[in-house]
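Input: a single structure, listed below in structure tokens.
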């Protein structure tokens, strides 16, 4: 059960945002904004923090680290209050002139929603704390579906997340698959999906993980966990996934095939993608045909951290053969779930009831533009 | 038209090799062995040369290089006579104490069969020379099917290659696909194949080609050329292929899916693979789940150049779901076509009429053993 | 000879910028700003364009491309007028809704200074055009020193560049070496430098260049060209360099050793580096010990394109043993010359006579901050 | 104290090997051969096992594994008796038809010398067992010098190892440095060494370790541990080393600089290298200028596992400037210590008193040939 103080959030809304009742907030006094704590200021956490800070209806009230690191200096440069799990480990931070605002518990006490962006499996250990403190919390895809009993993707099941205490935002790969499958299922019906995920070996800033010169089957067995994970969001879709890891650092590449239920044309499919708020079509005219070129382009466009929040679908790859749709999509492992977390914050807070509205608010605040 | 002197090859056979009439030869005098010239002593050429030298019914009469290089020293260490295209460029070789036996034309004059292992597209330029000199020649998969009008895979169409003057041995990826598709088509019937090929960026000894940190769609469009290329060998198989390139140097990885016509079980499929002379099942007990571990294992087993001539199918990946077969196979880009070239030499020479016999001869001479 | 119209630039200055006479300009009418054309809008050109656009005394009047590409869309997103070398090749651009403002000659006609950021060796071919049109031009380090007879590094020889028509901005590696050597030479005297440069194989957005899994000596011989190249800027410094290439995409790593003429301490050396406007000390407290972690940090700090314009010297590596200084420095191959180009524009324009002033103006406009 | 049974080894020798008294042995009955156990059949252990098996005066009496793996199948294919530390974990081996000969203790009981090739730090834990069982043992460079108080390099201090119970064979990098430094110290006197080691990130068969796209300083501080480690073998040599790790799998690359005490010429230095039994000069004529090309060449020459047991010094890089010697050398991390272990087995057994003799025996048994 979430704490009582959440309930007032749902009563105060009287302003309108695009014809929707919204949370009352004052950008000047910051009263009534959704107070968000980021537990785990790492690859995902630091991005969610910036994305939350960019929203008009949310505020970052604190972020947490376990040890001093480059990211702690980043938090300081952003003026995010820094909290630590074990307050007795304060001195190494202070020795580096990194002021500590308090313990993680103290941070949570002030929050309406905690985004748990700790490493996979740690979220499970944190959940009892959130329960004890009666705070709403989002977990990431590194946790099991069973932890929350509800797995989230903005496009697919936003409404079901409303007012829940605990929500799991599915992983980058699952998010990318859900978006494209849902869009096709709505337009044509999807009878079966087969997808091969060629995953990056490590994030760009990691230096310990490999492989250096290998394709690693992960897992060797078929299907990989991604198919069943998609079904936690879209239970009715038959899907078989195969997954491997390669020596790259930026973006997963999906080779997707879908058997469609109703006749489709390449142009029709492209039109669905063009209208989708979380799908970016990579135009043929750009000459982009790789993750590296795509990253360079997104960087050149001025996206923060070169982040691609959308599915990057290669326009030139979209092919329909005998009602089978084939395509390649690039999924930025560090970024696509960031916008989902922002939407999920709104959903669990219950202040925005319509997915379209939240998605639009999130995208606008981040300055989404078509890739071309 | 091949030269007259080939015709005697088919007449002299009187010895028996496993119940088949074979070419008469004398290992002492080397009379009547098939005389093979390797035009292009590079990645493929040097392997074919060693494999030919290991056969009892063949002999390497010369290899060619265009420039001095490490490989020229290797040819010398093997005592392969070295020929060069442009005899006026002899002196840089001689300055390095690399003796030149003559021009490529002189080499071809002595050959029964030329294995053209020059870079893609060069074979086409060489063909008129082979025609002029009336010699049989094998081309590699880097050439177009149209160059010979016949594309070869030992398992699939050996008999059709008998006595042809020109044969194209299909590329490593196409060979790997043909082997596994043909085996399943014979056993169960194949209704449709979908395969994603995750290709190595460069061979291990190359240092100029990338990518370094990217997944490159090659091509962006779907299908890749591999599907149609399989159909040059197996025209009746509907197949769609998607291809990308990653920063690895050893082996392509195929994620293969086949709709089977008749009911199949995982154990049944594995049994077909176990009996196949060019498929190597990588046992689960080895713990091998990557190209790098597979290479290490093949190296440890003492294979020359760590070469995997077979399809490396991961036992643990072989899965049957609703009559759909899924599997991962590793294809060693430098090696799988080597044994195909050896068989094709026999086929065009016409001395061995049965594929099974040639495949067994080739395998035995190279010391094939099950991977586990 | 530079055109007449440059001369007025030097007369109009009446305003003061930090106690220096400066060019008069109006941000509203853009009269009197230095008009800069970027010939070659690629890796370096696009960065120089953005850096120029950020300066108060300069304006980008156009950029050039030879073919439509992702970068052409980027130029459009920046509202930089796009010019092409061969105006007859206009239609592929227009087909992609990329408007062309004219030919490269027309672009140059409007420019005070051309920054030639074409690939290595192309600058040499362009020089006659610049001569014909009487325009000042900067070339990059991919060109030979002899092309201009003058090689530039802001710290070392800014004053000598004043009013020159042609200046070569030295390469990223040479720039990085010159900065650190000059700083130590000024403080302690440098008797001898030995440096090993471990270079990135390709830029992040390139996918064709390798190596994938190799250390490549480039060149095999010693010294590499970098030592002599440093001497084009600092002729009196004895220096021997060794260079290799590795499979990374971001930043070169230099292992530098200098014999100092006068007694030095680690703390003294660090103090010199801390005061240097183009040296960034990477603090031990950040835990950063690799190019990847450094890039992540620079990205997190919000630098455009994660650009590190400074030498990234690892504080923890700075060591003095028997008057020998040892250190590691990371050099961002895409970025460190960008700020040098901006300074060189001012120098050849003659509007800012003091290096310190130009360096400060450049840095402030880009928002330089200490790394920690 | 080593067991008594070692003492007879030193009495039985009556045969001569190249004018040296040697151990009596019978290849038929294997009486009196040095009985070697390999504790840890991994990257180094499996190579030492094969090298020992190739020697006329040694025999592999067993190898050990902790878990079933591909290498266990390799041991079986070599007919090496397989032992396991914890005999209660026998059944997973037997389930895979990998017969277990007994416990590690039982293996050691039969051995004259144990080569401990376990991962770094495990050797230290094993030493008490070797002490208890009174067996001679070699440790690898992953252990501390203090573990044995004696660090070994055949060229440098073979005689001091004679009859010792415990010897540490220094690491691949230290071995490579010791060889080249000692050779120059003998010929010219070495006043100071500065070396930069660019290390491979993982071995070719590893898939978990990175980095993927980074140069990692390891350590950030200067000097790295390699300099002091060289001094455990050559205490009088002043040496400063700097070390980093890059995303490659095959061979470290050393950029070495030495101040020589006496006048030297390039040709003189090359002559010293040509005569050295453990230095391989990579001729300019081969065109080899990278680790990848070197590996390909060594593979093509038919070396087992493409192993380069020698220092691979690039002939073209050897340069003398003002009595400073500069060169690049490639050090195969998996191989160079293998031959040192074989020599160390002879030294501790006391049966061969002269390093030259042991080195020659080792090299001849492995079929060393000049690289060109």
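By letter and in written order, the chains are A, B, C and D; residue numbering begins at 1 in each of them.
Keep in mind that, in the parts below, contacts are C-beta pairs under 8 Å (C-beta built on N, C-alpha and C of every residue); 3 or more make two chains touch, one makes a residue touch a chain.
All values reported here derive from a predicted model rather than from experimental measurement.
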| item | value |
| --- | --- |
| Shortest path length from chain A to chain D (each step joins two touching chains) | 1 |
| Higher-contact pair (C-beta pairs counted), B-C versus C-D | C-D |
| Same-site or different-site touching of chain A by its copy chain B, using the half cut | same |
| Chain at maximum distance from chain B, centres defined as averaged CA atoms | C |
| Separation of chain A from chain C, taking each centre as the mean of its C-alpha atoms, in whole Å | 37 |
| Distance between the centres, which are taken as Cα means, of chain D and chain C, whole angstrom | 46 |
| Inter-chain centre distance, chain B versus chain C - centres from mean C-alpha coordinates, in Å | 49 |
| Junction residues of chain D, two or more chains touched | 204, 206-207, 211-214, 216, 247-249, 290, 292-293 |
| Contact graph of the chains (line, ring, star, complete, other) | complete |
| In the complex, chain A residues that touch chain D | 201-202, 204, 206-214, 216, 247-249 |
| Partner chain C, residues of chain D touching it in the complex | 194, 196, 198, 211, 213-223, 240, 242, 244, 246-251, 253, 255, 257, 284, 289-293, 314, 316-317, 319, 321, 324, 326-328, 330 |
| Complex interface listing, chain D residues touching chain B | 46, 68-71, 73-74, 77, 95-96, 204-207, 212-213, 249, 283, 285-288, 290, 292-293, 295-297, 299-302, 304-306, 372 |
